[in-house]
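Written below as structure tokens is the structure these notes are about.
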Amino acid sequence: MPERELTFAQAVREALAEEMRRDSRVCILGEDVAEAGTPFKVLSGLVEEFGAKRVVDTPISEAGFTGVAVGAAMTGMRPVVDIMFGDFITLTMDQMVNQAAKVHYMSGGHWKVPMVMRTTLGATRRSAAQHSQSLQAWFSHVPGLKVVLPSTPYDAKGLLKSAIRDENPVVFFEDKMMYKLKGPVPEDDYTIPLGVADVKREGDDITLVATSSMVQVALGAAELLEKEGISTEVVDPRTTWPLDEKTLIDSAKKTSRVIVLDEGYGRYGVTAELAAVIAEGAFYDLDAPVKRMGAMHVPIPFSPPLEDATVPTEQTVLEAARSMCGNQ
Amino acid sequence: MPERELTFAQAVREALAEEMRRDSRVCILGEDVAEAGTPFKVLSGLVEEFGAKRVVDTPISEAGFTGVAVGAAMTGMRPVVDIMFGDFITLTMDQMVNQAAKVHYMSGGHWKVPMVMRTTLGATRRSAAQHSQSLQAWFSHVPGLKVVLPSTPYDAKGLLKSAIRDENPVVFFEDKMMYKLKGPVPEDDYTIPLGVADVKREGDDITLVATSSMVQVALGAAELLEKEGISTEVVDPRTTWPLDEKTLIDSAKKTSRVIVLDEGYGRYGVTAELAAVIAEGAFYDLDAPVKRMGAMHVPIPFSPPLEDATVPTEQTVLEAARSMCGNQ
Amino acid sequence: MNPVTSNPEARESAAGKPATEKDRWLHAYRQMVSIRLFEEQVNDLYTRALMPGLAHLYSGEEAVAVGICEALRVDDYITSTHRGHGHCLAKGASPDRMFAELLGKETGYCRGKGGSMHIADPATGNLGANAIVGGSVGIATGAAFAAKNLGNDRVAVCFFGEGALGQGSLYEVMNLAQLWKLPVIYVCENNQYNEYTHFQETTAGTILGRAHAFGIETDIVDGQDVRAVNKIAGGLIKRARSGVGPAFLQCDTYRYSGHHVGDINREYYRSKQEEQAWKSDRDPIKVLGSWLIEQRHSDAASLEEIWYEVRKEMESAVKFAIEAPYPKVEEVDQHVYA
Amino acid sequence: MNPVTSNPEARESAAGKPATEKDRWLHAYRQMVSIRLFEEQVNDLYTRALMPGLAHLYSGEEAVAVGICEALRVDDYITSTHRGHGHCLAKGASPDRMFAELLGKETGYCRGKGGSMHIADPATGNLGANAIVGGSVGIATGAAFAAKNLGNDRVAVCFFGEGALGQGSLYEVMNLAQLWKLPVIYVCENNQYNEYTHFQETTAGTILGRAHAFGIETDIVDGQDVRAVNKIAGGLIKRARSGVGPAFLQCDTYRYSGHHVGDINREYYRSKQEEQAWKSDRDPIKVLGSWLIEQRHSDAASLEEIWYEVRKEMESAVKFAIEAPYPKVEEVDQHVYA
């Protein structure tokens, strides 16, 4: 029997539906999540199955309904909030960082906040500076939060189910450009633990450590590199926190050359932490400095030729890898 | 004539007073900034000199008055907003990141936002998890913002004057524990350019790159190391963005051993970027991996013995440096 | 091509000089037609796949932007929204540079860096459209703060959809504006929907009560009647300019199209009949046109002529934009810092 | 030592069983005295440099917390503020574990990790004090959301100072609460000052108008009269519990001390006369005491006896806390994740 394929969006929806069937405390809060199924149509059909009490349309009040989710999570629900564009997490930082992330600790372990925030990342949709950011570095910086960055439909389903079952606040970033990407997704009730990296492709000459949207870019670049005789390993941390340092470092030790890729702004971003961890852990094995590739340090421009220049592509990764391997 | 000494708080106040005298467009907005002169008393006396139209008490509306400052800056004022505790920047992220940082770029260079946000950082005041954070990494991650971390009264005055004269939104972090620290401050109208690191102490065996509160810790550790025969260089980037990479890398090349120190959470924080930059730039000169020291990855606890364990101290830096230099 | 410079009546009225009743309303008519036909072109560019991304059309709501901007001076400020083309045009922007911006071209208002949702224009006091719902309420209030502090007598108008009533920052800044008696007018364009949800499902209590709570002067107007909007706005603007303080104006209106150009099948959230009723009974351009004819300020043929002229203008503006070059890629990291 | 478990009347009243009028108000009296004397000890710990950091005293405001919490069940929820000791005690927390928390000790409610501003206690439905002004409005509303969805009939009370009216999130959640008819009561403790600024300088319009805007049931009460608070709160809580929806209660009150224990010289923002007038004319404990005596529910000596007993209790609670051990340093990274 051929493996079943789902799109990334379908995988997310299936994870939610399965968890909502399994546990009546799971509910969804967000703007246009019900009949509209979100502007990206990721949630289509859920309100029909679970009703408007569990798939709840909210006003445009990101701080407000995120705060409500924190309180609801503390008192017996398992809310999943939907923040349409990752750029709008700016409005929820107090609730996520000063409240959700700290409640368990500040209460000496008494209260828990089992909630999930689903939001998006990624540029190149011609949506300009306020609808194109990839701000996962901020949440990754905050103790008390977990941060998930799925890169395939398979991972999306398994990781989202783990996130919903987790007893802590988890932020789940979905790449908008990936919603239509297809891939095999088992019908089973499988979960993928948070904090375990995945080697998406094995190789010997160079490691590409990539998150979310950049995993597909890395895999594409690996194909091209293969033709040039460069064997490329692609490692996907899958969660920036908890971080599976060992898998990253082991791969770096094996290949001795590493490029880290993340679609957030390059400066003070996810790539900095990953590079620092690898540079420290594989110090004596590296042949060259770890190279970082992220979004250019500019607000994302609207104009297509400019926007395209801000994000790493298969081509720019290929060139960087080639030059690192001395095949320039 | 002996050099004049001021406290850090006095230096900040003097910079503000001088700039307000020089330029009538400079005004201050914040909670209890007028008669109370802020809870830290940093602004005492300013309302008496400049009046309540220029030193403006606001309601407890961080998002609101930050937004007002953005608009006022675009239309001819040069506002300085006061966010009492750095933890409250969570409430201003949309205005700072989606608005202030992007207005110039999104408008194709037409509008400018010459504003300053002054806020605080630092733990060990027994203020617990919501009043002790050092969140400079977030703003450093955002193109369009500049981020200043003064470590001495002298730097505070010179850097704040530059920040106020800058045509861009600048975030200025003051260490609460440093307000009473004294140091020489000239009476002149001097400025310190943003983006120029300062070698606070020269040395040959190891480099401590430290920001804000950690500079004093690094200097203290350097004294102790001196007694053990380890010559320590202390480099203060002074601004995390723009970042003076060259001075950091040059020092690393010289000493070949580096510890980076910042009071923010260690994970995905400022130390990650500084370490990554140095590991890349001085790759062939480093004798050991760059070591990072930041706040422990926990919400800051209230209990004194616990809180004290979360932050690097002279002693822990000493030990790390000692072991790095092989003098264990 | 820029209405502000090309149209003497507009200049005079903007400068506070009384133009004749007839000239004023004919100008308003032309402005509304400009917006309508601008949006027609935008939709066309989208369906022809010539426009990158999406856009949110203002068709149906023209009387709000025009009624209010006709009561403003050219040096007064506005802030606008994701549905901002109407505000920009009404405040005096040129269609050619707007289209260029929508196509990401170098001659666009923002050199292509902003796109549809971020058009800004210092020359007409346009502080910029904003893609964050409620994102500009602080900016508009800040412009009013500056006007008051710098002692010029400018006024700032903050346009926002009724969806922005969900954003807490609106309440924060209304409090500040009233405490400090700032010359800012909050204009709530109640087009009945927040994206795909009727506003009554997201709005407890009343819209005006939200401003009234802060002691702010409030009013409500039929947003399809440009003369009514203009009259009420004129009074509130005069009041604000004189230093009495802010105001909040609810304009009831309707967007003819989907939430954005791609929102085609929308019967799950509103009926075709409802859309049709607004278009046939309450179209702002028809309403003003009938009045102009009734008053003998114009006749059907002359009005037709305006449509014809504006359509030509829009066509050539689109052509200008299509032919314009993209910015050079090297520009990508310019304008990050001033 | 825990008032909830040690005091049968309280348990009964909390369980909804009617206690006698006399017993109810004597219990309320004791609760208010507990808060007053707790805060006396806190100030003392501060001046003796035994307490790390600062604390915000509730003295003067006792009738609000007690009046409201006496109308709640033990399984109802509250959220509290930086000035939270009164809410915690009124909801049933034990002074000993509270003092331990204030000193950062392992036996504290939060194992010393929270301190004065973060006391939380699941056993009494206390979701936690919050050091972010307005930071808990979402949490309280969320607890009400859960209560409604889980079909239990709990109510959530959100205590906040009038300074929190400056925070936009309050308006966001009041809208949600009213739309969804959630069982949450927003209790605005108007003690006249936001830190060092009189609330009239920061509050345009009216306090009640802020909730009225959303169609929320509102009321105002003399926050120095515990019986009045209790009566009005009782009605609103009953209403909320029955599913009718949220309410907003303004309690006018006064803090006797500075903003925090270190705020000693405060004449630049309020006069000694003003402070004295509230203390002598409107002290909530005196007000209730006089009534108890008038009604012959008690006499001066019996009331005196309550003070004596409570003082002893507080002294031993402080002693417990001082003698308690700090948490082990290894605990520092426990409880980051559940």
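Which chain is which? They are A, B, C and D, in the order written, and residues in each are numbered from 1.
The criterion applied here is as follows: a residue touches a chain if its C-beta (ideal position, glycine included) is under 8 Å from a C-beta of that chain, and two chains touch if they have at least 3 such contacts.
Please read all numbers here as calculations on a predicted model, not as lab measurements.
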{"item": "Maximum centroid distance from subunit B, chain identifier (CA atoms)", "value": "C"}
{"item": "Of B-D and A-D, whichever chain pair has more C-beta contact pairs", "value": "A-D"}
{"item": "Centre-to-centre distance between subunit C and subunit A (centres being mean Cα positions), rounded to whole Å", "value": "37"}
{"item": "Rounded Å distance between subunit A and subunit D, as computed from the means of their C-alpha atoms", "value": "41"}
{"item": "Geometric centre distance via CA averages, subunit D-subunit C, whole Å", "value": "48"}
{"item": "Per-residue overlap in subunit A, given as positions that touch at least 2 other chains", "value": "58-59, 61, 63-64, 87-88, 91, 94, 98, 105-106, 128-130, 143-144, 296-299, 301"}
{"item": "In subunit C, residues with contacts to at least two other chains", "value": "110-114, 118, 130, 132, 135, 165-169, 172, 175, 179, 201-203, 336"}
{"item": "Partner subunit C, residues of subunit A touching it in the complex", "value": "31-32, 35-36, 39, 57-61, 63-64, 87-88, 91, 125-131, 296-299, 301-306, 309-310"}
{"item": "Sites on subunit C touched by subunit D in the complex", "value": "165-172, 174-175, 178-179, 201-206, 209-210, 212-216"}
{"item": "Complex interface listing, subunit C residues touching subunit B", "value": "77, 79, 108-114, 118, 120-122, 127-128, 130, 132, 135-147, 149-150, 156, 168-169, 172-173, 175-176, 179, 334-338"}
{"item": "In the complex, subunit C residues that touch subunit A", "value": "52-54, 104-105, 110-118, 130-135, 163-168, 194-197, 201-203, 268-269, 326-327, 329, 331-333, 336"}
{"item": "In the complex with subunit A, residue positions of subunit B that touch it", "value": "87-91, 93-94, 97-98, 101-102, 105-106, 128-130, 135, 137-138, 140-144, 240-241, 243, 264-265, 267-273, 275-276, 279-281, 283, 286, 288-292, 296-299, 301"}
